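These notes are about the structure you will find just below.
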Amino acid sequence: MTSSIVVNVKKKRITELLASGKRTDGRGLTDYREIQIESGVIERAEGSARVRLGKTEVLVGVKIATGSPFEDVPDKGVLTVNAELVPLASPSFEPGPPGEDAVELARVVDRGIRESKAIDLETLCVEPGKLVFVVFVDIYILNHDGNLIDASTMAALAALINTKMFKYTVEEGKIVKKPGYTPLPMTDYPISVTFAKIGNKLILDTWLDEEQVMDARLTMTMTKDGNICAIQKGGGSGYFTKEEIVEATKIATEKTAELRKIVVKS
Amino acid sequence: MPLFYEKKQLVAPGDLLAEGDYVSGDSTYKENGKIYACRLGLVDYDGKRVHVVALKAFYIPVPGDTVIGKVVETMPSGWVIDIKAPHLGRLRASDVVERSFKPETTDLPSIFDVGDLIIANVVEYDRTRDPQLSVREPGLGKIMRGQLVEVTPTKIPRIIGRQGSMVGMIKRETGCQLTIGQNGLILISGRSPEDERLAVMAIRKIEKESHTSGLTDKVTEMIRKERNAVESK
Amino acid sequence: MQLKANKKKTKRERETMTNKKTETLIDKKGIRLDGRKVDELRPVKMEVGVLPNADGSAYLEQGRNKILVGVYGPKEAHPRHIARQDRAVIQCRYHMAPFSVDERKSPAPSRRDVELSKVIREALEPAVFLEYYPRTSIQVYIEILQADGGTRCAGINTAALALADAGIPMRDLVVACAAGKVDGKLVVDLMDTEDKVGEADVPVAFMPNLNAITLLQMDGKLSPEEFETAINMALDGCKQLYAVQKEALKSKYVSVEEDKEE
């Protein structure tokens, strides 16, 4: 098959360059591509953001609705994260319900937001056991050129920061809108960095070619005070040694702080 | 240069068998100068060669093997045969029908139909294509009668025995015809169901006790004992 | 294969689940809800070759977890388009029986099932010599008959045995164990209540010979130092379970030997 022939040649070139600490696009091993963030691009959504990471493009929309809480957590609002690998984003995406890659992407981004308590779900409770706000975070991949996880985490974070909720009072168990908006209360700003292992080198922010030849990937999401709130190894039939994981943790601490400044500032 | 086990010891995947200047044989692999088992079985050291006789392994076709298979599909160009291997076997129509064979006029299912059992030889096999079979030689072709017994392929050499001594003994003692497929399928055809049953019992005993010695005698004894027990009823 | 019912939840466990008080997870003497110390694994039992139809199979009990795995293959990949020309593919399905949890779970695959099927497959792939069987697929069906926390790790342990039982060549067994943070302390092998009410959960899968970590996830909150300690605790648990796996595989053969004596 011609495609696997191409992949072998690419893999060789990429691995050779990496051995001397270089990447095909000239970046350092832990350099991210150019990041562009625009917020508030979809007015009908309560919050939105569009992130371009190199040629990868992700759009996240946040919608807020009301609903009943989960039975076992009656005093908390509901957060749900969904991702769609929209077919126009890549020749390899097909229409249909979310496949395992879309499900994994959504759940990893969800974990970052949920475990860091980025949104304090208790503040979204209107009437315990009866009425809460439901926050829908929908990730829409518009162009796939590698590292969808980090781009999606940044876009989701930027969209949540951008989210405004209408002011309201509760009258007779019902929500009544008042004029004006308040920003969604946030208590943390989770950022993910995704490492790829090619040969025995760890690199950050893979573009598509690198992603297609990587042996495995490791995503680490960290909170604003340097704690880890989510980790996911995936992306291939390779593996990491414990030493590589410890090294990655050190790089992640530094890198997530850097990226957070960029996202929060926008 | 250390060896870590004794001959005929039981090893599991991942067990370190040897380190140093050794060659990795069946069901083992070499990495960084170390030889590890990759299947559960009995380890054996043969000079510089380290191998494992696997307890269970599926059949991998080898050109020259005789196999028994089931026809699972008929196509214009031939048949697809399930030979209990990771890949399906192919039998070309041109192997069976005369040279002037025309797909439109030859009725392939009338020769071999889906569900038929055949005995065939493996003529060609490499990992990039499906195994090619042939029924040209005498003794090959469709199986019309008999009982089929399935064993794990690694036990076939023991069932055949040195220079056919074991299978020869079973044939003599039970009066049955035995056709042995390297892929673990054995066809038994006897004068009576009782004879066939004895042959099946013998095969099962060999399968269970393949690692013991003096097995030919033990099996002979078992068949005779069983036959007497039945006849005295 | 013997399915045995264990004791149901203790009063202390039930209270912790309802009150969600993390303080009751570990008592003043350092004893957890089920009587274990922080570095103790749940009692585990493994059995190989339990399903007559599957090419390979295994059954595992760990605490209240009851896991059954059947493996088929390698065989022709179906549907054709999933086949790879250069190696076998593993099709892995992690599935929970509706009666496996307290509140009946719908048999339809949830998003969690989809994610776990993927990460478990990725944990097993590095162990199998996939390149020996191009254009084939190896099917791994993991059924959680009863769940009590740590089912993905238990599923991996059982699946590795089933693959070995099927005679599929492997570089090493894959062994998995989780560690985490409960009531402020780092513990190993979290049960369900500890996972739900605790502060962090880190499942790890490992191939000891190659020093290879093939599954690593984390949810909760840990400092980088706590995270490193947790990995070490999990790897320690893995080493213990690896010995149980080897024993389970080898003892199947020994029982064949014993049969012959009769």
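Per-chain residue numbering starts at 1, and chain names A, B and C are given in the order in which the chains are listed.
Everything below uses one rule, namely that a residue touches a chain if its C-beta (ideal position, glycine included) is under 8 Å from a C-beta of that chain, and two chains touch if they have at least 3 such contacts.
Because the structure is a prediction, the values reported are computed rather than measured.
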Separation of subunit B from subunit A in steps, with touching chains one step apart: 2
Innermost chain by mean C-alpha position: C
Euclidean distance of C-alpha centroids - subunit A vs subunit B, Å: 53
Inter-centroid spacing, subunit C versus subunit B (mean Cα positions, whole Å): 34
Centre-of-Cα separation between subunit C and subunit A, whole angstrom: 27
Subunit C: positions in contact with at least two other chains: 85, 207, 210
Contacting residues of subunit B [partner subunit C, same complex]: 10, 12-16, 27, 29, 31, 36, 38-40, 54-58, 86-88, 127-128, 152, 208-209, 212
Touching residues (chain side subunit C, partner subunit B) in the complex: 55-56, 73-76, 85, 88, 129, 132-136, 164-167, 169-173, 207-210, 246, 249-250, 253-254, 256, 259-260
Subunit C to subunit A touching residues, read off their complex: 85-86, 111-112, 114-115, 117-119, 122, 125-126, 130, 202, 207, 210-224, 227-228, 231-232, 235
Residues of subunit A defined as touching subunit C within the complex: 1, 4, 98, 100, 103-104, 106-107, 111, 114-116, 216, 218, 223, 226-242, 245-246, 249-250, 253
